[in-house]
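Both of the next two complexes hold subunit A, though its partner changes from subunit B to subunit C.
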Partner chain A sequence: MSRWWLLVLLWAGLQAHAGVPADPFGSPMWEYNLERYLGADVQVRHDARIDLQVPAFAEDSAQVPLTLDLANFPHRPQRIIAWVDLNPVPHLFTYEPGVTPLRLIALNFRVQQATTVRAAVQDDEGIWHVASAHVDAAGGGCTAPSLTAANPDWERSFGTIRGRAFSRGDHLRYKTSVMHPMDSGMVDNIPAFFIEQVELRDGGEDELLLRLMLSESAAENPMFVFELPHPLAAPRLWMRDNHGNVFERRLEGETG
Partner chain B sequence: MTYRSISTRFTLGTLAMAVSLGAQAVTDQDILNDHATVDDVVTYGMGLQGQRYSSLDQLNADNVQSLQPVWAFSFGSEKMRGQESQPMIKDGVMYVTASYSRAYAIDARTGEEIWQYDARLPDGIMPCCDVVNRGGALYDDLFIFGTLDAKLVALNKDTGKVVWVKQVADYQEGYSITAAPIIVNGKLITGVSGGEFGIVGKVEAYDPRTGDLLWTRPTVEGHMGYVYQDGEAVENGISGGEAGLTWPGDMWETGGAATWLGGTYDPDTDTLFFGTGNPAPWNSHLRPGDNLFSSSRLAIDPNDGSIKWHFQTTPNDGWDYDGVNELISFDYEQNGELVRAAATADRNGFFYVLDRTDGSFIRGFPFVDEITWAEGLDENGRPIYTEGGRPGDPAATEEDKGEPVLARPAFLGGKNWMPMAYNQTTGLFYVPSNEWSMDIWNEPVSYKRGAAYLGAGFTIKPANEEFIGVLRAIDPSTGEEVWRHENRAPLWGGVMTTAGNLVFTGTPEGYLKAFDARTGEELYRFNTGSGVVGTPITWEMDGEQYVSVASGWGGAVPLWGGEVAKVVKDFNQGGMLWTFKLPSENGAQ
Partner chain C sequence: MMRHFLSRLMAPILVGLACATAQAGTDYALEAMEIEPGVWVVEGSTENFSRENGGNIVNTAFLETGAGVVVIDTGPSRRYGEALKRLIEGTTHEPITHVLLTHHHPDHVFGNQAFDPDTLYMLDTAKELLRRDGEAFADNMYRLVGDWMRGTEIIMPEKTLHPGEWEVGNRRLHLLEFTGHTGSDLVVFDEESKVLFAADLVFHDRALTTPQSPGLTTWIEDLELLEALPFRWLVPGHGAPSMGNMALQQTRDYLAWLDEALTRAASEGWSMTEVTAMDIPSRFDALEGSRYELTRTVTHLYPAYEKAALMLLE
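And then the complex of A and B:
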């Protein structure tokens, strides 16, 4: 018994030395993906102040809602990286800040099988604060043909952006969706075709409010929700897919 | 899957880095000199004039029997259709396109893929004649090619990432792009496909770095050309001066003349040569007149898109004898005088030699065994039509169908898209040609956006039991057929020739073949596993001469070939790129 504890302490010590705590979910991909997306020699800690919400069970494996709420997180995020541990391409998004801090981000993702989901938020000292959640699923969300693929007329609505801003106290919530097949490249004879870059810019000064880099795990016809402090003028949403198509729209609403 | 596990990504990263150490930007000078440099192929045509001639002679008629494959590369997926592409080479990297608007960069030493780009095509694309692509253009750090939904896509040549994409025309009207664009003095020049859908052909120039439109030149009389200055369209003259000179009524509005095979460029006269396709519809009784500038060669000023001159091979075309085939610039001496000439082997069965400074007709002669629709050419090169050689007017009968005629060549042409080659050493053109005829009849038709606009029915028949394809060596100064090599199936692949007294081409039976350029003797054959309808190239790397060709049966023949099907029905599809060289001194690699 004492020997067992010694081993555990020794292991924990080694982990602490590397700056990586143990995974409460015990995912086999925990350390591998940490190093892959955050790099080696980084300081990582679990942080309950980051509220990462995913459903306990994915009703639709191709459209799983994810909300990352930073209202109780005391630092200004320097970078956020989210990934889905057991997806073929785990990376979901990387967020880079603009002139104002992000309070909330939500989008839908695909899930290939029951998996842990991670959001790593870097503070201004370079420390990564990680929130984890688990989603159970029937799976197949990354390799099932998209709804778009079943619609021969998909180009008619392709690139259509809907969006609006809603006031949330001293913040503004942007809710916007774009019609895009977001093909993962894992369905036979349908090449990867997805939005890679998303930028939100202040409509007045053209200052960057936020930038997102998306990967194949993002869901079809994506809907994004961002909460930011009120900008000066209605911001402009700009997106570019991996085939060079650019989509742009001003997000009108309750600006102030 | 485009994303890979971290370990493969790392390997690819190092590979890309190793490759990019020697990777240089492609300059205008590289492109203008492409015909003279043996270590790269940075143009479609192995030189802007399109001669497809290499001065390399390490590989020659004495040793070509020892040629061996060094690697083969699969284009992958289930999209195995006609592979009509010509590869390009720069700094040890091969750039090649494949069916369904795909592009690849491959390590030319090992055959390993560096990157791949698959266009996400809409289901509604309307290619008339298979989902082919014939190649791309290299410029600066970009590889640029056209897609079946009528876009130009510029990829970073080292990473394959999209730099810009530009809609050239609306695919829902029937436009597409299958030809390789070309770069001329910093401008990207492209044509469009879609002549079977009542589109209006055009030649356009774009800024290769940004995709901004610089000028546009419609190829049907009556349509305005524009030059773009600071994003503003400035009128640059109506093609042909005004509408209605050679077209009845409003037929010019949907007049066809697609520039679907791209073009060549002659630096001596600073001129683009673009061919134009059939007038629309096929039923010529609906459009009496010459129907300019259909079935013609256009000499275009690359600076603003103005038409310098035109030469129409089939006025009032009633047989779908598109005039798109490449016009190749070449010089020769006659009576001690240098003649700046250009030659083309037309779909209609005649071979034309023109003065490329002004488009005047020097000579013309049949290059196929028999022509039914014309008795010959007059002193200006205009065809002398055979009486009764044109399919009958359905309006002249009680039926829905006009009087059919048997016409030769068939509409797939005495020669189709597959480029011929000119050998500066032998002074001969090597023409991939076919012997076939067709029953053709006309029907009433009216234009409907995005629908086939033919007004004709047809069926193609082989002219002989033993052969359809004929590779011909033709002397452009006499019209003499110096030698011929017959092939059972129709020839549908491009030709390349070298100072090593060699002519290379492929056959639908699957062979890459090499011939003695002077005698036509077959010296080499290698079975690539599927029909060769691509165009071979040759270049030098690490002191050794290489040959590459794409293999993969397809193109217009299996779709439109009619009774030719009995010859080609057993040919299987494919999608491979084969690369060959002589064994190294220490044995084959």
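And then the complex of A and C:
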């Protein structure tokens, strides 16, 4: 058999794998997590137009920043699912759209070890566009243990919410932080206690602008960044944790 | 893909072997440079901690006083401390009477074991910080430099150092306490030689390590006080000793830029990864490790800038 035929067979073999391309990072969890979060029979492709930003290494493994920038992504996202391949619970968030498309989202996550991070964005034809990045385990030598984790005073600031809107051309960027331990339930018998749902609603018509479902990979005292087209009126932020606490605030209009 | 996966699994084993062979018979090969009569500096590299450099990225120093040797900092490991002690004993005939520890970072105090515990001096607050963070630092150092750390244990200094003027032999040393780098930072100024041992308040051609700074503006204020001292030589914690205040100015310039850049980014609503990727002005090209340290700085310090730029929502 000629070499050309071997290549054709190899190519066919790869294609037989339900539309899943190979992982450029070679993670052992690639196909497993794809199927776990996106389903078995899906179309998946790598898409460089999705800008998934994480640092090269995790200076603080409890607070690793992530920004997902869709400014160059030509489709309207129908759903976004992000996960951290080698975390005990890899899922980080699932985004569901409201009446306006999301252009950017940022939040911090936790890592347990060096790992790949994925953001899968579903377009209006149901195809999943995936961006991947790698975070090295830990940074430099002068890193102290997390002080907030050891801080017994957190209850006093529990539920404190800060926020502001920043002008970004024809978009507004909302940045909000909430003081919440976001306990993953996997450390020292501390039960899981974290914000599992976040919504942003238009202040006028009360229409949903976005919904976010969070999991245990999300970091303590989360800072959420969302970038959307200008809403009609200052939106309302609504959050609920798995103990039934509800937090609700009106976000200020454009101030920056 | 498989090859990539395997090579990642293999890497730690190969590194381990390489270390074992490279380090058999290898030492820190420390050298003392006499910058003024009776004043020696042992200069480290400006790299990050690694298995190649064994953590020798720091400057230590020693002074003859006529009544014994005063040592400033002990280095990153027991093995370094022992090498430093041998170097001092081969350089001067005076006994080591005082070892001053400038701050609690591992590269400055993990060589303590080599010295008589009776001679170890440290500021009170710095001792508290060492008690609090020492174990975590040790874990980190073992991970970063590996075998060089063998046998290293944290030794708490017995003696407490008090800021002020101190007559020792034929020298008068000014012991000053600042906070900008870690919350308790000792600076030593020798009147006789006019050498300023600035420790980690000043770096030279090396990006600053900021994770434990109480605030960049606090650090800048410290430098303004330091600049008023009549020094001729400045020995930074990291980077080459130099005449005059150029290292101090470089450090202050970098701090002022960082503070301004983080303030501006927060006021414009930048996310953390956006700040980590921001442009670093070309005048800081000479500073080794600037992107690496910026990632660390942003992780630890940017949240406070962000918080200040947001409004409390009620």
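In this section, the second predicted complex is superposed on the first by the 227 of 256 C-alpha atoms of A that agree within 3 Å, B and C clash if a C-alpha of one lies under 4 Å from a C-alpha of the other, contacts with A are read in each partner's own complex, and residues count from 1 in each chain.
Throughout what follows, a residue touches a chain if its C-beta (ideal position, glycine included) is under 8 Å from a C-beta of that chain, and two chains touch if they have at least 3 such contacts.
The structure displayed is predicted, hence computed values, not measured ones.
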{"item": "Which of subunit B and subunit C A:59 touches, first, second, both or neither", "value": "second"}
{"item": "Subunit B versus subunit C as contact partner of A:78, first or second or both or neither", "value": "neither"}
{"item": "First, second, both or neither for A:183, with subunit B first and subunit C second", "value": "first"}
{"item": "Contacts of A:191 with subunit B and subunit C, given as first, second, both or neither", "value": "first"}
{"item": "Touching partner for A:43 - first (subunit B), second (subunit C), both, neither", "value": "neither"}
{"item": "Touched partner set for A:251, first subunit B, second subunit C, both or neither", "value": "second"}
{"item": "Partner chain in contact with A:94 - subunit B first, subunit C second, else both or neither", "value": "neither"}
{"item": "Dominant toucher of subunit A (residue count), subunit B or subunit C", "value": "C"}
{"item": "On subunit A, positions contacted by subunit B and by subunit C", "value": "none"}
{"item": "Interface residues, subunit C side, partner subunit A - complex", "value": "1-2, 4-5, 8, 48-49, 55, 105-107, 132-133, 136-137, 140-141, 143-144, 209, 211-212, 267-269, 271-274, 276-277, 292-293, 295-296, 298-300, 303, 306-307, 309-314"}
{"item": "Subunit A-facing residues of subunit B, complex", "value": "1-3, 6, 77-79, 118-120, 122-124, 153-154, 161-165"}
{"item": "Interfacial residue positions of subunit A with respect to subunit C in the complex", "value": "22-23, 25-28, 53-57, 59-60, 63, 65-67, 104, 106, 108, 138-145, 160-164, 166, 168, 173, 175-177, 223, 225, 249-252, 255-256"}
{"item": "Residues of subunit A defined as touching subunit B within the complex", "value": "36, 88-89, 152-155, 181, 183, 185-186, 188-193, 215-216, 242-245"}
